[in-house]
Amino acid sequence: MSADTLATARPAVELEGITKRFPGVVANHDIRITVRPGTVHAIVGENGAGKSTLMKILYGMQRPDEGTIKVNGEQMAFRTPSDAIAAGIGMVHQHFMLADNFTVLENIVLGAEPRKGLRLDTAAARRRITELAATHGLRVDPDRLVEDLGVGDRQRVEILKVLYRGARILILDEPTAVLVPQEVEELFQNLRELKSEGLTVIFISHKLDEVLDIADEITVIRRGTTVASVDPREVTARRLAELMVGSELPTPETRESTVTDTVALKVAGLTMEAGGHRPVPKGTSVRLYADKLRQDGKRLLLDDVSFEIHKGEILGIAGVEGNGQSELIEAIMGIRQAHGSVELDGRDISSWSTLRRRESGIGYIPEDRHRQGLLLEASLWENRVLGHQTRRPARKGPWIDRKAAKADTERIIGEYDVRTPGVETLALALSGGNQQKLIVGREMSGEPSFLIAAHPTRGVDVGAQAAIWDHLRDARAAGLAVLLISADLDELIGLSDTIQVIYRGRLVAALDPSDITPERLGGYMTGAIAGTEEE
Amino acid sequence: MTRIGKYHLALIGVAALLLLMSLVRVVTGQNDITSSGTFSAALTLAVPLALVGLGGLWAERAGVVNIGLEGMMVLGTWFAGWAGYQWGPVAALVAGLLGGALGGLLHAIATVSFGVDHIISGVAINLLGPGVTRFLSEVLYREGTAAAEAGGAITTSPPISPPAPERSLPLLSDGPDLLGRLESTHWFLLSDVAGILRGLTHNVNVLVILAVLLLPLTFYVLWRTPFGLRLRSVGENPWAAESLGVNVYRIKYIAVMISGAFAGLGGVFLVFVSTKYVEGQTQGRGFIGLAAMIFGNWRPGGLAVGAGLFGYADGLQLRSSGAITSVLLFGALLLLGYLVMQARKLMSSELDARTARQYTVMAFAALGMIVLFWLWLTVDRLPDELVNITPHVLTLLVLLVASQRLRMPKADGVTYRRGEQH
Amino acid sequence: MPAGLNRALLTLAGAVVAIVLAIAVCSVAIVAAGGDPLHALTAFFDFGASERAQSNSVATLFNRAVPLFIAGLAVAVGFRMNLFNIGVEGQYRIAAICAAYVGSTFVAPAPIQIAVIIIVAMVAGGLYALIPAIMKVTRGVNEVIATIMLNYIALNITAYLVRGPFAGTRAEGELTVSTPPLPDSGMFPDLNFLFGWFGMLAPTREGGLWGFLVVAIVLGVVLWVVLERTRFGFDVKASGLNQSAALAAGVNPKRMVIAAMVLSGAIAGLIGLPEILGSTGSFGTTFTSGLGFLGIAVALLGRNKPVGIAVAALLFAFLDRAQGALQFANIPPSVVEIIQGAIVLLVVVANEVTNRFALRLEERRAARQLKVTA
Amino acid sequence: ACGGGGGSTATDEPAGGASSPASGLKVGLAFDVGGRGDKSFNDAAYAGLEKAKTDLGAEIKELSPAADGSNRGDLLRQLADAGYNPIIGVGFAYAEDVKAAAAEYPDIEFAIVDSASSAPNVTGLLFAEEQGSYLAGVAAAAKSESGHVGFVGGVENDLIRKFEAGFDAGVKSVKADAKIDVTYLTPDGDFSGFQAPDKGKIAAEKMFQDGADIVYHAAGDSGLGVFQAAAAAGKKAIGVDSDQRQTVTETNLQSVIMTSMLKRVDVGVFEFIKAFQGGAKGGQDVTYDLKVDGVGLATTGGEIDDIKDQLDKAKQDIVNGTIKVPSQPES
């Protein structure tokens, strides 16, 4: 069709010698990329390689220090995203860009609202959205609040936002990071759909097999510069990885089991209702109460969750984000109240405070390091104290033992290879990966008997990933019990001794990682395959 | 619960409240509880709070905490007085708006452009407002000046002339004044309704009408127009807004300046009521207005309720301390109602649903009721100091009882910088 | 540590620039008023002609700074935890009247008498601050509203008490009301001897240089230690920097809210004592009000750190002292308020600018290091 | 006794030592909170000071305290250190500070308005507000058709209560069964009650609605609201401190001000300065009562001319002591 003939004529996007410096960092240096229209163009590179920055530049959110941007052959000087939008560019960001207590509709039309007189014409907007959704097979309910949506739905909303603005060039920055295989497949269907309609897609991901699956062309970025432009048909994942980091791509292969038969953690009948914890009325058991709640059609965030973790065992919890993982963790940590019992080393800790649980040997690598793991505006050694403020070496009587804390921070920096000038550096100056390493080191210190590791390597580049995996394995060998939660199924399968699948707050299946593929696992996670117990 | 359901519930609530009030009035013979005088006083006292509250609403919906409302209101009063005595009420209105907006602009520059902590900036403006106005008075109103001849002085501006006009409902609350007649009969309920209606419609300052209109207008603009959507999005997630090409800085500036203008308008109203600028006439209303706005969960309707409650209590205590004692009876009856409802719930629900907590709560309620009754019967006149605090205590009590599901805009008070999301 | 030092120096520079700017702003105003900025400036430093006048002025300066400093500390405690305690105003009023009254009801050796008065003040202030704290943790009542309302309530309660239950006897024709006077053992000894060390005349002003200055300094040091060196201080800092991280680290937010609020109130309780134990010896009609609100400005200006607050308090006191001198120079004294407002605003603006600059430096150093190691 | 912000104005620039006549008399005066330009109490004091400047050739300096009044004492000291003598503190709030300053500067003469002498070098300038208010009460009762009058006080402190007490007695003396509504706008210590015309209006409105036809105010700027309420209700009001029918500029309000209870602070201040020049020493109180016309009723507008005899009678009885006016309301 005409689009194609025109396309072959002029590239959709041409980036010429883009350079972007941030204080102390050269995020992009002399980057050159040419994207043909009607193709899916993948960009890969390790953390901090400069992918997002480059895309932000293309989307007008940041200005290049040098270089030119050409869209459909015309040179552009984007000052704001609206310029880029006007030029037919749309971007789906690495971290969701949604207003939680707005409706889907409000989020989509924001900035490009249809009007009826002064009024926001919601009727027209709804019509337009449902129509778009239909044509591209992106089903959403325009009137739901975004905060009630799962990640998959949110992803679709983000894409609809872009399409709604009639973008012909889509930028997707790590869109699959939070999706399970099935959702990824769905997304790719949509992308191919869009491609066939002549749209151009720029696609960023750390998951190389996906990249090879969807991309027509691949550009590799290392340390902020383009190092290669390859054809997916002529390259393997390993080769790509080597191009990215110049090193082997480590995969967490399973080791001989170190599982002992002493139970470290025992969770029984853990139940959490939505909309605030209410005490179980006297005379009723948790089960009866839970049944009652179900009858009343109350949504249960956690529904009668029970499992055991032995010393030296890593229990992996697989599940689509928002199916109760966060609630489970926070219930075990005592951050959120729940019914049911939690036993650590045979002691019932259900009624204990978070502090006491930590003191009794629970380590906690939170899923969102910036939200729960760090004091960004505080120094590294103070972050070392966080969560250990009542224990040696951080504490001496009522005082904080600064000297000891700093010394121990030095130890972590050494053992975990945290790249930092010193212990006084503020946490926010570290890259996500290094921040993560510090947290892992902190939570491993003081010989925990049980560790909660939520997405321990999220947003962390391959090098750091390998290091963190090794530390987890060593601790496990030393008898540590680990509850592992991860959206990265390879990581999950590779590290776990047992995998439990959580779906709508229930544990629906117990699987053996040695004979499960990510695809089948995804099936359980999305409820496509009904829970069949295998031991 | 559906929108309609809520709406009906509200109506029922209001009706029940009315019934209770007129009951208390008849029992105690304190006609001021529902007299037109009380309600026009309540209106006079509530409007400035509502306006300031609206100011707070506009700023905070755009993610800027505005504790500087008091200072902006002071600016509003001074400029209204200054322009009013020279060029009349319309000029006063405009000048007051601009004066407040000026404070807003300052706040916007500090918080939006320089990313200063919103509360610090607000506190500074609360220092500057009175300082600057006092200074201006000392320069412009010192004797020997034309203003002094016109009756101005350092603590007061000359009167604004002509004073702002007032309007009444023809027939009903004016001329034949049917409502007034009905009220003076002191019939059960009828006279109460009449009194309330007359109070709200008799000789109301034009600015009151304007202010009352501004509440629904604000709702319409913020919740029904594209501009409003953008403004709220800036308060919820500025980075998302930015990524969709919304000019966050501009919107924040506009919002904060409108916020200041509203605070200024509140000042203008005070000036209209006392026909001149009087130093210190804002009396900390900036803070009360802010409280009313939070009380109202960052929404115009709730804000109006908060301001109304405060204004009513204040008006009542100013007019008759005797009526305040009957508030004790009012409270006792409320608790009684609560107890009855609880009791019926217990009867209906099966045994195991009862918790010790429920019983203790009910016990306390019962105790409170008895104490209040006893106080009402024994105390015939509370000391003035205690009467004075009725509005404040009432506000606290309502907050304690009302469920606290307040939801402030997500990015409220967060300093936003372009291209640096977290 | 160099990084910290760097930041400190930058901050200082910024503050100086800001103050200069503030003065410039006021000079404009003064010129507009037909005055001479230089006159005004000299007026600020004009501590009087006679030696006696000068030592009196110095005493006045410190006597004003002390309550401001304590008020700043009280606000800062809450603020470091993102608890906005506007209620300091009401808390110190309630505390002052209780302390003044209780202190007047008995006579004991000076140390005991004064200790009791101080304790009563802290307890009263703490308890009054406990009200909004409990409302917040149990019913989630926003502390800003609660404390605003409680300020008005405190004002009226004290008015009632001082006229009623706590009223003292009055001389014929005296129209001020006040609590009964404290016994001499309740009056805090002054520090006039200090002036001797600097070869100055001892101030003759009533009460001289208030001895409560010592308590304030001790309080400042203790608070610094508590906030910067202890577990509790760490919990406060963590809760302030990142609520959810603190929660995950096992810091009980409710307990922290109550602890911080009560501590804040207890400190607030001391605000009124310098005046009462220093000169008036009772709580009455002329009791200084508004220090709670000024305390907010002082605390924020001092960036919620004891040392910074001390500097800010001295600055405000210095400016306030000039009220009289300015009038002698025929300058409207309201320029003081303008300067104070302008300084608060400009200093924090300067802070922001220097902070960002320091952050950039930090990042650059970090990045340089990374290049070396990597 | 009227509240307000801090600071003062810079007047009498020429009045540096140079231009001042050679009388060598240097008079310092410290206002109460609110300072110059309250059109009432403080301004009256300043009028007396200015009279001293023109008539006695005195060099004068007047200072206003900060908004929180925290620096009253220091203002007195600064005046003393600057060589001013005598020094006058305006308002009872100065009681403690004048006492202290007098002790610190024994060879300087002080005076305090509205409070008793507390030292050999302090003169107490007292005003019999209750007596003036008594006359106001008589006038109100005599003029009232409904036998129902009202009193609006700004701040409930003992000074204002003196006004109430006198008014109360005066009304009762004419109509024993008269109904008197009393409202105070704010409690003691909260001076905002002197700056709240809106609240004054609401309070007075209530009284008029209940049938009162004359309301007397001692509420500073809040009195404005009382006048407005009177104008709106077509009733009358009584002003305070100065002859408000003259000081109030709104013509529609002037006409409702039946009379004003004059408190001649200006006389008190001037007389004190004159006496000082004559070598008088302090240590005692000078009471400005009806006898010396230190208080009285304004006759501007001639609305109370018809009851002149009645008023003079009452005045006589008070002057020759047959009537004792209470200075605090009973209860």
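Letters A, B, C and D mark the chains in the order given here, with residues in each chain numbered from 1 onward.
We adopt the following convention: a residue touches a chain if its C-beta (ideal position, glycine included) is under 8 Å from a C-beta of that chain, and two chains touch if they have at least 3 such contacts.
For reference, the UniProt names are A = ABC transporter ATP-binding protein; B, C = ABC transporter permease.
Being a predicted model, the structure only gives us computed values, none of them experimental.
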Original post:
Which chains does subunit A share as contact partners with subunit C (ABC transporter permease)?
Top reply: B
Subject >> Chain located farthest away, centre of subunit A as origin (C-alpha) >> reply: D
Subject >> Of A-B and B-D, whichever chain pair has more C-beta contact pairs >> reply: B-D
Subject >> Computed distance of Cα centres, subunit B (ABC transporter permease) from subunit A, in Å >> reply: 45
Subject >> Interchain centroid distance [CA atoms averaged], subunit B (ABC transporter permease)/subunit D, Å >> reply: 35
Original post:
How big is the gap, in whole Å, between where the Cα atoms of subunit A centre and where those of subunit D centre?
Top reply: 75
Original post:
Could you state the distance in Å from the CA-based centre of subunit B (ABC transporter permease) to that of subunit C (ABC transporter permease)?
Top reply: 31
**OP:** Please set out, as single numbers or ranges, the residues of subunit D touching at least two other chains.
**Re:** 5-10, 67, 156, 187
Original post:
For subunit C (ABC transporter permease), which residues are shared contacts with two or more other chains?
Top reply: 156, 159-160, 163, 332, 334, 336-337
**OP:** Any chance you could list the residues of subunit A touching two or more other chains?
**Re:** none
Original post:
Which chain pairs here would you call touching?
Top reply: A-B, A-C, B-C, B-D, C-D
Original post:
What does subunit C (ABC transporter permease) use to touch subunit A in their complex?
Top reply: 1, 3-4, 229-235, 237-238, 241-242, 244-252, 359-360, 362-370, 373-374
Subject >> Residues of subunit D touching subunit B (ABC transporter permease) in the complex >> reply: 3-11, 34-39, 43, 67, 156, 183-187, 192, 195-199, 201-203, 205-206, 209, 221, 224-225, 228, 232, 247-250
Original post:
What part of subunit A is in contact with subunit C (ABC transporter permease) in the complex they form?
Top reply: 22-25, 333, 335, 353-359, 364, 366, 371-378, 382, 385-387, 389-390, 395, 398-400, 402, 419-422, 424-426, 428-430
Original post:
Which part of subunit B (ABC transporter permease) faces subunit C (ABC transporter permease) closely enough to touch in the complex?
Top reply: 106, 110, 114-117, 119-121, 123-128, 130-132, 134-135, 138-139, 284, 287-288, 290-291, 294-295, 383, 385-386, 388-389, 392-393, 395-396, 399-400, 404, 406
Subject >> subunit D residues within the subunit C (ABC transporter permease) interface of the complex >> reply: 5-10, 13, 61, 63-75, 77-78, 81-82, 92-93, 95-97, 100-101, 103-104, 114-116, 118, 124, 126, 156-159, 187-190, 285
